[in-house]
Every structure is written in structure tokens, then in C-alpha cells.
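So, here come the structures, one by one.
Both complexes shown next keep chain A, but they swap its partner, so chain B is in the first and chain C is in the second.
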Partner chain A sequence: MTTQLEANKPAGARTRGSKDRSKNRKGAAPTRVTSAANRSDWKLGWLLITPAILGFLVFALYPTLRGIYLSFTDFRVLTPAKWIGLGNYEMLLNDKVFWDSLLTTLYFVFLAVLLGVAISMLTAVILHRVTNSTVIRGLIILPFLISSVVAGVVWSWMLDSQLGIVNLWIESLSGETIRFLSDRAWVIPSLAVITVWKSMGYTTILIFAGLQTIPPQVYEAARTDGANEFQMFRRITLPLLRPITAMVTILTIISAFQVFDIVQVTTKGGPANASNVLQMYIYDKAFGQLDFGYGATMSLALFAMLIVISFTQMRLMRASESDTN
Partner chain B sequence: MTSSVTASRLRRTRAKPSVGRGFAWGYLVLILIITIFPFYWMLRTALSNNYGLTTDPISILPVDFTLGPFQRVLGLASVADARAEGGSGATLDLGIYIRNSMIYAGVATFCQVFFATLAAYSFSRLQWKGRDLVFGILFTALMIPAILTLLPNFVLIKELGLTNSFAGLILPGAFFSAFNIFFLRQFFLGLSREIEEAALIDGASKIRVLFQIVVPSASGPIITLAILGFINYWNDYFWPLIIAADPKVQPLTLALAVFKQSSPQVAPDWAGLMAASLLAALPMLILFMVFGKRIVNSLGFTGIR
Partner chain C sequence: MKIKRILTLAIGMAVVAPLAACSAGGSDAADGGGGTVQWWTWDDKQAVSYKKCIAPFEAANPDIKVEISQYAWDDYWTKITTGFVAGTAPDAFQNNVSYYPEYVDQGQLLALDDKIAETKFDLAAIGTGVGAWTYKDDSLYGIPMDWATVGHFYNETYLADAGLTTDDIDTMTWNPKDGGTFDKVVARLTVDANGVRGDEAGFDKSKVAVYGAGSIGTNGLNGQDSWAGFLSTTGWTLGNDANWPTSFEYEAPEFVAAMNYFKSLSDRGFTPREGDFTQGAVEQLGSGKVAMVVGGSWYAPSFNALPGIEVGIAPSVLGDNGKRSGLTNSNANSIWKNGPRIDNAWEWVSFMGSEECQSIAGADGTFFPSIEASMAITEAAMLEQGIDLAPYTAQFADGSLFTTPMFSHGQELGSTIQPMFQGFFNGERGDDVFAEMSEASRQILAD
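Right after this comes the complex of A and B.
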């Protein structure tokens, strides 16, 4: 969630900033008067950003560089790191569990993103057209507010193969039960559905906010010209929403790639590694087997993938420009 | 499917009820049910006798209504009573974990927002050499995902001897949040400076201007950031999982996960688990009831440009 929020808030902030800036221009004269006095602010200026700079250096920059360094070492926490050059990277290339884990993750990302974006888009478009109710939007984001641990516990109860309500309903319809979280074939789709349940409200609200920026006149003009609703959705809503769709898709992909909490609480990567997603494997290597060097290597690999995906996605969907401007 | 439903709905935007509109509402109701049902199911299970659950699992109402699950996870029931209702005897010392979560989420959020406010003021109102360069460098941190810093930060906290302490939990995120700084700086830049200038001419110090004029004018965004930060920290799992093995500092989310793992694999105490989950989610549900509208609007607001 942190990454989601972090990645998209600047965009929101910009609106308000630029809107209010014009108001500010009226007060330009007094600004100029005191700006001379402002120049002597370097002491206070540095004092106020010292905590932020310390935090940045110690807990963001240093660990990033150190992570890169550790990826070239054999490091087990208790003994000092030992430089082994590309050893971890060679191991990565030959580690079948890693590649299986990557495939599992990709499968999960594919399902979670496809389902998540499609359902959120549909819900947002319908919400936008039918009601402006904050209460309904509020209820929809409810799962987003609770922790993944709670979501994981509740869904493992509802999906339980003997007493879970979902299975009892399925049984009464088909006579069979599905071992959602303990069947190799079902575990990833089940985890994807739980993830979509939890995050759908958030993506819906983001898309909804995007829809609100489309001027209603555009639709009115199209209606006057005799466009039907399907044409309007295809020719107006979709193209105008492209930047938001791109952003939401990227955010969903990035957070799906880092899925951990729900997996850790429900399956711990099982049955037999069938839900051993990358983050789970990294956790297991680092904290289960204390192989921090290799853990750092895999973290870097995951980071590299995220960067490549973000950039490709940005290009493909031309996220930086909407068709209006 | 998507487009046909929306299309038929779209046609009658402001017209009388239509088939499309009916479908649209039907869809929304379905989505709402799927969204809300697990919460209801938590409550229904938490008010049931755990043995009753096996005999009548499909009942939509609590089976053999009892407050037992809440009592036993809170440690208020005797072990014998707990066993009689299907409990494992494991309890969740909720008071301590809520306190831990409050300290963790409260202090971390406060520090994060407070230091971001100071930095944002410095970046938006004070003139000093290298300001824009420093801002640019800090801004790149938005690109660093948690995954990259998680393991090295753990190693660092361990080297500092701060595992199993609130300091270890809170420190990494407390001082610096690129997003909060950026967000508040943008907002401060948009605020009219007239009152500030007047106060400065009257001889007020910059610090006073910050706390008595700028912060009150920006209370909306500051509260929004605080709420979002608090939710984030309250629900945080991965970091506490690796840092806080000691129950004395474990936040509630982690305690719940541990509680789940401690319940027996065969015939677990689902009623107790649901009671614990509900209690773990309760603070967020209360926050939601109080600030629901603000949360909805701020989430949307964070997304659009």
C-alpha cells in the first residue's frame, strides 16, 4: 500500500498546487518585499530539513547501496559479509525454485491485475453514472482499510474445505468441494481473488476520481450528435481515462509483484511451493535460512523487473499524455 | 459484457428508470454484498459456539449465540469454559497489542507528518543555497521501493541492537517520507502568503509563522496525511514480522497472525479467530466511521492529477 500511495499522490498534489498558485499571484508584491529577508534563512532552512535528510541518508540511501553491496557477498548476519563477486547471481540463474517462484508470481500478477482492473473499471463507470453517494463509495473501500492479515484469516475461514461457507454453497450446488487454499491448481487463483477483494475499492475510487475530471459537456455534445452509450464509452471514456487507467494498472502490477502478507498468513507458500511467490521466497531465504546475500540479490532482481515493467507500461499506454492535451 | 451493461446504463443518465439502470444497480448491490459479507461472516462466526459451527455451518445467523469467543480471546474466560466451547485455551492479550499498535502507529505517524511539515516549510518558504538540489535528491527516494531497503534496514536495526524495540519498529520511517514532503510542499506553495508576510513584518519569527499560520491553514492536508499514515502503520505486517518477535512490542496485526498460527490445524477455533480478527479490525472500522468521508475523498484526491 505504501508504494501505491506514494507513487500517485504527487499527481494529486499538483492539481491543488497549480489551482491555488494563480490566486497567489495577487499577493506577488508583498512577496517581493520580504524575499530579501528570506535569503538569510539558510540556518533555519537546514535545521528544518535535517531530520528528513538524516532519515533519507540512513534509512533509504544507505540501505539501497548496502543492498547492492550485499548482493555480491555471502552474508549470514552473524558473521561479516564475504565478497563472492557474482556468486549469488550465478546461483540465481541456476535456482529452479527462483524461476518457479517467478512464474508463480507472474501468474498471480496476471490474474490479480486483470480481475482487479476490469472489475474496478466496471464498478467505477457504473458508480459514476448511477450515484454520487459517498456512503456507497465508503463501503466499497472498507476492505482496503483492514490489514491483509485480517483479510487472510477471514478468507481462509470462508474458503475452508470443510466448514467454509463458500465451499458449503458450492457443495449444495455441485455436490463437490474445492480445496481453494490447499490445492495446487486453485491456490493462486484463490489468493488473487482475496487480493482483488481487498484492493478493489481503492482502485475503484482512483478510477472514479479520474472519471470525475471528464467534463460532462463532452458527453452531452456526443449525445447531441447521436452517439449511443457504447460508442461514448469506447470513444470518450476510455481514451480520456487512459492516463488514469495506465497509472492504476502500473500501481496494481507493482503491488501484486510484492504480494506477501496474504500469502504468509494463509498458505505460507504451500502446498508444496505452489504459492511460493517471490517475496515469500526472499523472506524464506533471508529469515528462514539466513542467506541475506542471496535475499538481497533476489530483491534487486525483483526491483529491476518492476522498473522494466513500469517503463514499458508507461510507453505502451502513453501514460504521460491524455488524448485531450 | 462490461460495455453492454455500462452502455445501456449510460443511455438513461438522467432519464426515468430503465432496464439498464436496473442492471447497474443490481451489479452495485452484488459488489456491495461481496464487499460486506466477509465482515458480517466474521461477526456471525465470532458470536457462535465453536462446536455449533460444525453441526450447523451454513446457518446465516450465529449458531448457539454466545459471547464466549470474545471472552476467551480476551482472556476473560477460564480455560475450562474456553475448552467447553471449542477454544484452544490460547488467548490474545488484546490490551497489550492495542497499546503496542497505538504506540507504533501513533508515534510513527506523528513523527512522519511532523518532520515532513518542517521539511516542506523549509522547501517552500525559506531561501537557502542548494535548496532545489536537495529537494531533487530527496525526491528520487520516491523511486526506491520498500523491497530494496527491507533486508538492509533489518540488518542495520539488528546491528544497532534495536530489534524487539519500539525504536527499531519506528525509526526507519519516522524521519523521512518523500511523498509527504512533496505533497505538503505543493500545498504550502499554493497558500497565499499575505498573512505570513504581515506577521513577519510585525516581527514574528519564521518558526512562529510556521506553527501559528501555515500549519493551521494546511490542517486539512496534514490530517489527511496523518489518517492515511496511521492506516498504513496500523495494518503494517512485514516490518513488525521481522523486527518484533517479542510480544511486548508486537503490534496487533502481527499478534493476530501469530494467534492464527498457534491455533490447531485440525478443528481450529474459528469462532475465537474471528472474534480476534474483528477486534483487530475494530479500530480501523471506528476510524472509518468517524473519517469515512474524508478518507474516500482523500484517496480519490491522491489519484488524479
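Right after this comes the complex of A and C.
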């Protein structure tokens, strides 16, 4: 198997830990060119990336720095910010609602990522093995194209324990109804399922695209060696998809941490704060109570958490490498 | 080289165009869109009604144009707030008592007293709400434009099927101990899957087909849309002071007893459990699964439009003392203090507060005008549509309505208190939650 895999590798492919790597690196070292034509290209290059740099400075860097500053202030948005040092951070440490919201968010992220990646992976693999129909791919991505607000309204009607069609079916089967969006035990799993339904089309297509980069010869070789579908999935598909899986997982985690619209439309954080995810709490503090200083502090805490999680994940999943490297 | 020039030009335009657009937006915001007064409301129906006032206003004021915009409640306040910061807020807007104290504190609303004096605006014609819109500094920050109250909407067919009469429901009494005749009416209206009523032997509370009443728990801040009109009949008041209280009286024995009574209704199967319905009162009554709901007067046209259901209106309950005490409040028109067209905005606001405009807009029945003569037009128009507002107007006339107290930090109080209420009605918290709620209110109101 190993021999066949090596044999099927494209020419020039690197093997992790092999001597080829240093040789390739040396061989690929750029030669310094100082011709007039290249200097002109250098200018054009800068010009080309200027819009992106400007966008980054105006819409990312400045708001981030401003947010950091505001997190040290009492800022009620309509009056000038007052510097209060670490006041907001002290409040954060003692804010039970914040920590409860964090736990709620982590629970939501865990469910949304686990279900999201697993279902997307399964759907993508089935699609890849069964059909190349663009119509079916189009249908799969359809929920992703629907507005989150519309999805939230429709799902809240469907899941209503007295009037919803889902509970009509459940009641006809079991005689009981489930308060999906108003029972503490059910609300976060329900929101996670709605979110996965909404986003799985996009992640499925990403994974599907990754699957198409795996050379078919690899599967042919495996089949020749007598591997069954599950073995091929476990020993070929999963390892070769690692960079895509890592990217999808990180994107799903970040997007799950930022969940807001579906919660705002369906539960508004209830019942009794059971679905009061961090973004809801931040929004309520900032835009509802006009406490933008504390809202900035919480946003910064979320930002720091996302950096740590993304970095750790990248390291753990060796996101830039697949097992063929 | 030619391609490179074209590329350079395209990139240059890509960079400059958004900046130019920003700059254009800024200048438009600065001049505020010319001489047009911008007025905002969150109510889609009132937006349509008040548009009818624009033509006579513009005819009388040829130099002033008016544009009305409507945004849904959830977005409305965010847009107003960000508009104050960005300089794009409306010149005048429909305002709510929960929000205006914060805006006054932050210097965004114009005190209207000078304008009223200068133009001799007839404030005395406004029948209600002036007190609520007078802030701690004794200045008026809004011209009340409507009033509303809360009563009962019921399914007339279900009422007849239960052997009850209109009089039974119009004269319901209530107390926190045994629920008075209200309790009996609700029990009678409740029917299980086997057709057994809530007041009959063998009633199965786990298989309820029709609830006697919609959930009376957490609707509206401080029970505005549910229990406020019940509790006030006991003499209980929300605040320790009539206005600008420093504490909410959640620990009072009559309050605790009342909350336990309302919770017992769902425990006995007469009302849905907290969260059973995720939809509002109109949808609950419209589904046929609920016989009666507590609802705001502003829903009257929506209830009347329910297909296949004849809906009756009843006033708020009578207390042990034989008196009603229904909640009322008024929305008002406020003017943005930093807006570019304050004088023109006042012309429009004062016209909206005149009998002429209130009568034109009020004829649609989309709100209750704050001017008595205009209210009579609304009442007549609604009666033509088959909606009898007499239960509300009678309460207004006999003075059995009370105004919700004015307090600051309404949003913070709502965000803090409401989850605790939900915890109580969910069964997660016991009576101890009320002391915690009072303490939370003291901390927030002390700021």
C-alpha cells in the first residue's frame, strides 16, 4: 500500500521528514532579480494590494484598536468615553451572566461543530462516491442561501410545541410534545441543529471540493489491495482531507462562536438565559443598554478565546499538512 | 503597458469610489437630505395612517416636506441610537417611555416646553400621557400621540359552548387567593381531549384540547401585557414611588401570592405552560387552542381579522373592592436635539399632535388618538369594522386606568429581571427569586 502511494505521488512531492525537503527548499530558493521591469512589477503589486490593505486598516485594524481602547472606558456611545482602567475587566471576572453565557456558547459550539463537521463530511463523501450531479450539489447548498432570519422564523414556527408541524408528528407517534425552543434541556441542541441545517451546504461543498483533489488512482490501488469502503474512508479519505477538515473545523468553530441571528430570532436568549450565547449578551449590553465599554471588553475576551482556540487547533491538526506530505 | 494603465486606473477607481461614496453619504447626512423632515415609527400600520397627514401638512407648509420611515421594533432602537452617533437619526420619531429617559440623560432629545410656549401649542387638548413624558427636570420630551391599555380577547363561540355569557366575562373578579370568578371562567373554558371541562370531574390536565386562557406569566416587562391589570386591583404598585422609584416591590406578599396563583393556572392545565407557545397572543387565539387571551388594545384589528373566529373584547378584571385598574401608557413624538431641522420638525410634530391630523390618521383605527374628539372618530370607525372599543373607552372615561411608573434603565431592568421571571414560571426557581429580583432592581435603579 505504502509503495503504491509513493508511486502515485506527483513528481517533486515532498515527504515529511525526508531529505527531499531541504533539497527542494534549496532548489526553490528565489533568485534576486533587480531589473527595471521587476521593479515596475513590484510597484504594480503594491498598487494591487492597496485596496485590501486599506480595507484591512479601516474595517479591521482600526475597529480592533478602538475596541481595545473602549474596553478600558465607560462608554455610553452618546457621550464621550471615560477612562476607567481595568474596571470593565474586574466586572467581567465577577459577572455570572458572562460566565454562564460562555458555558452556553461552548456547549453550542461543541454540538454545532461536532454535528456540522460529521454530517457535512458524511454528505460530501456520499455525494463524491455516488453522484457528480450539479443539481444535487445545488440543492445541498440551498439552506445556506436562505437568510438566517427567515430560517429562524420558519424553524420557530415548525418547532412550536402547540402549533408546530414537527411536534404534530412527534405527538402522533409518542403522545407527547417537546418544547424545543423553550425548555432548558432542549434549546441549545435545537439551535445547534438549526445552525447545522443552515450551514452544512457550504461546508459540504468545501469538503466535496477537497475530495475531488484526491487522485482516483489511490482508491483504485486500495481496492486492488482488497480495502473496503470504510477502510478507504478511514485510511485514505480522512488523512488526505486533513487540511480541508482543519479549515472547515476552524471556520465552523469561529462561526459557531459568533452565533447571533438565529438565537435573536428564535429565543432571544431564553428561557431564563438558557440560550443567552455570548454574542447575544454582548449585543444586549452594547446596543440594548448602551454600555459599549463593557460590550467591547466582552468582545475582546471572545476575540482572545478565538485566537487561542484557532491557534491550538491549527497546531493539533497540523492544518497545513496532509498525511501524504 | 496599456493593460497596466487600465489596471492602474481600475484599481484607483476601486480605492477612490468607496471613499467618494462615504464622503457623499456624509454630506447627505450633514444636510439631512435637504428640507425634508424625516419621521420614524416602529408601527407599520401607523406609518400608513400618518402618511395621510402629509398632504394637508405640506399644503399648509409648502416649504417643508415630510418623509415617513418604518422599522421593526427590534431594529428601530438600534437604528435610532446609531443614527444619533452617525448624524443620521430622524428629525422626529415615535418614542417609547422605556427608552426616552436614557436618551434625555445623554442629551439627545429636545425639551419641548419653549416650542410649546412660542407656538401656543394646545397641550391641554392631549387627554393622557403628558405626565409620563415629563422628565425629572420637569421638562416635556414628547408630545403624546396615542394611548393604549390591556384587556381580554375571547373566542365568542367557545364562550357560548361553555354556557357562559358576555356579562360573565365582562364582570370577572380576581384576587390572588382563589382567583375570584376569573378562575371559574378560565376553568370552565378549558376542555380536555375527551371533552371534559376544567371544572368537571375527570378533567385530564395532561391532554388539554383548549386552554381557558393564554399563558399569564412573562409577557411584557413587568407584566405589562399580562398580569399588571390584575395585580394593580390589590393596591400593589410596581415602584416604591409613583415615578422614578428606587426599588421594585417584588417581595410584597400580594405580589408573591399573585405570581404563585398565575403559575397554578398552568399547573392545573388551565393555561399553557411557560414557553408552550412561542407565538404571540393573536396566533394563540387564532389557533383555536386557546379560548381567551390577555392582550393589548393595539391588537384589536388583528384579532378582528382572524379568519373563522368571532372575537369579543372584555375589560380588565374587577378587584375585591369592585374596581378595575387597567394599565395604560402613551407613545409620544420626540425631536432629536442635534438634528438639522428642529424648527421644521416641530411644525410636523405639532401638526401630528393636532386634532386635524389625529382625526385623519385615527380614522383607520390603527391606534387610539390622545385627543378626545379624534378618539371618538376612531371608535366610530372601528365600530363600522365590527370592533366595539367600548370596554376600553369606558375604562378611560371612568378613570380606572393607571399609568405605568416612569423609571430609567428600562432595557437593563428587562434584561436582568425577565430571565428571573422565566425561571420562576419554568419551575426552576422558587419564591426566593423575588427577593433577588427586588435587590437587582435596587442596584440598577440606584445608578
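Operating definition for what follows: the second predicted complex is superposed on the first by the 266 of 325 C-alpha atoms of A that agree within 3 Å, B and C clash if a C-alpha of one lies under 4 Å from a C-alpha of the other, contacts with A are read in each partner's own complex, and residues count from 1 in each chain.
Note that a contact is a pair of C-beta atoms (placed from the backbone, for glycine too) under 8 Å apart; a residue touches a chain by one contact, two chains touch by 3 or more.
Remember, it's a predicted structure, so these values are computed and weren't measured experimentally.
Engineer: Considering only the touch criterion stated at the top, classify A:S182 as touching first (chain B), second (chain C), both, or neither.
Structural biologist: A:S182 contacts chain C only, not chain B.
Engineer: Identify the partner contact of A:R242: answer first if only chain B is touched, second if only chain C is, both if each is, neither if none is.
Structural biologist: Neither chain B nor chain C is touched by A:R242.
Engineer: If we overlay the two complexes on their shared chain A, which of chain B and chain C does A:L163 touch? Say first, second, both or neither.
Structural biologist: both
Engineer: Report for A:L306: first if it touches chain B alone, second if chain C alone, otherwise both or neither.
Structural biologist: first
Engineer: Examine A:F260 and indicate which partner it touches, taking first as chain B and second as chain C; both and neither are also allowed.
Structural biologist: After superposing on A, A:F260 lies in contact with chain B but is clear of chain C.
Engineer: If we overlay the two complexes on their shared chain A, which of chain B and chain C does A:W197 touch? Say first, second, both or neither.
Structural biologist: first
Engineer: Which holds for A:G270: it touches chain B only (first), chain C only (second), both, or neither?
Structural biologist: Only chain C is touched by A:G270; chain B is not.
Engineer: Taking the two structures together, which residues of chain A meet both chain B and chain C?
Structural biologist: Touching chain B in the first complex and chain C in the second, residues 44, 48, 51, 54, 77, 157, 160, 162-163, 264, 287 of chain A appear in both lists.
Engineer: Mind pulling up the chain C residues that touch chain A in the complex?
Structural biologist: 4, 7-8, 11, 14-15, 74, 77-78, 81, 84-85, 102-103, 106-108, 272-279, 283-284, 287, 289, 409, 411-412, 415, 418-420, 422-423, 426, 428-429
Engineer: Mind pulling up the chain B residues that touch chain A in the complex?
Structural biologist: 2-11, 13, 20-21, 24-25, 27-28, 31-32, 34-36, 38-39, 41-42, 45, 53-54, 57-58, 115-116, 118-119, 121-123, 125-129, 131, 134, 137-138, 141-142, 144-156, 158, 171-179, 181-183, 186-187, 189-194, 197-198, 200-201, 206-207, 228, 231-232, 234-238, 241-242, 253-254, 256-257, 260, 270, 273-274, 277, 280-281, 284-285, 287-288, 292-293, 295-297, 299-305
Engineer: Residue numbers of chain A touching chain C in their complex, please.
Structural biologist: Per the stated touch rule, the residues are 40, 44, 47-48, 50-51, 54, 76-79, 156-157, 159-163, 179, 181-184, 264, 266, 269-273, 276, 284, 287-290.
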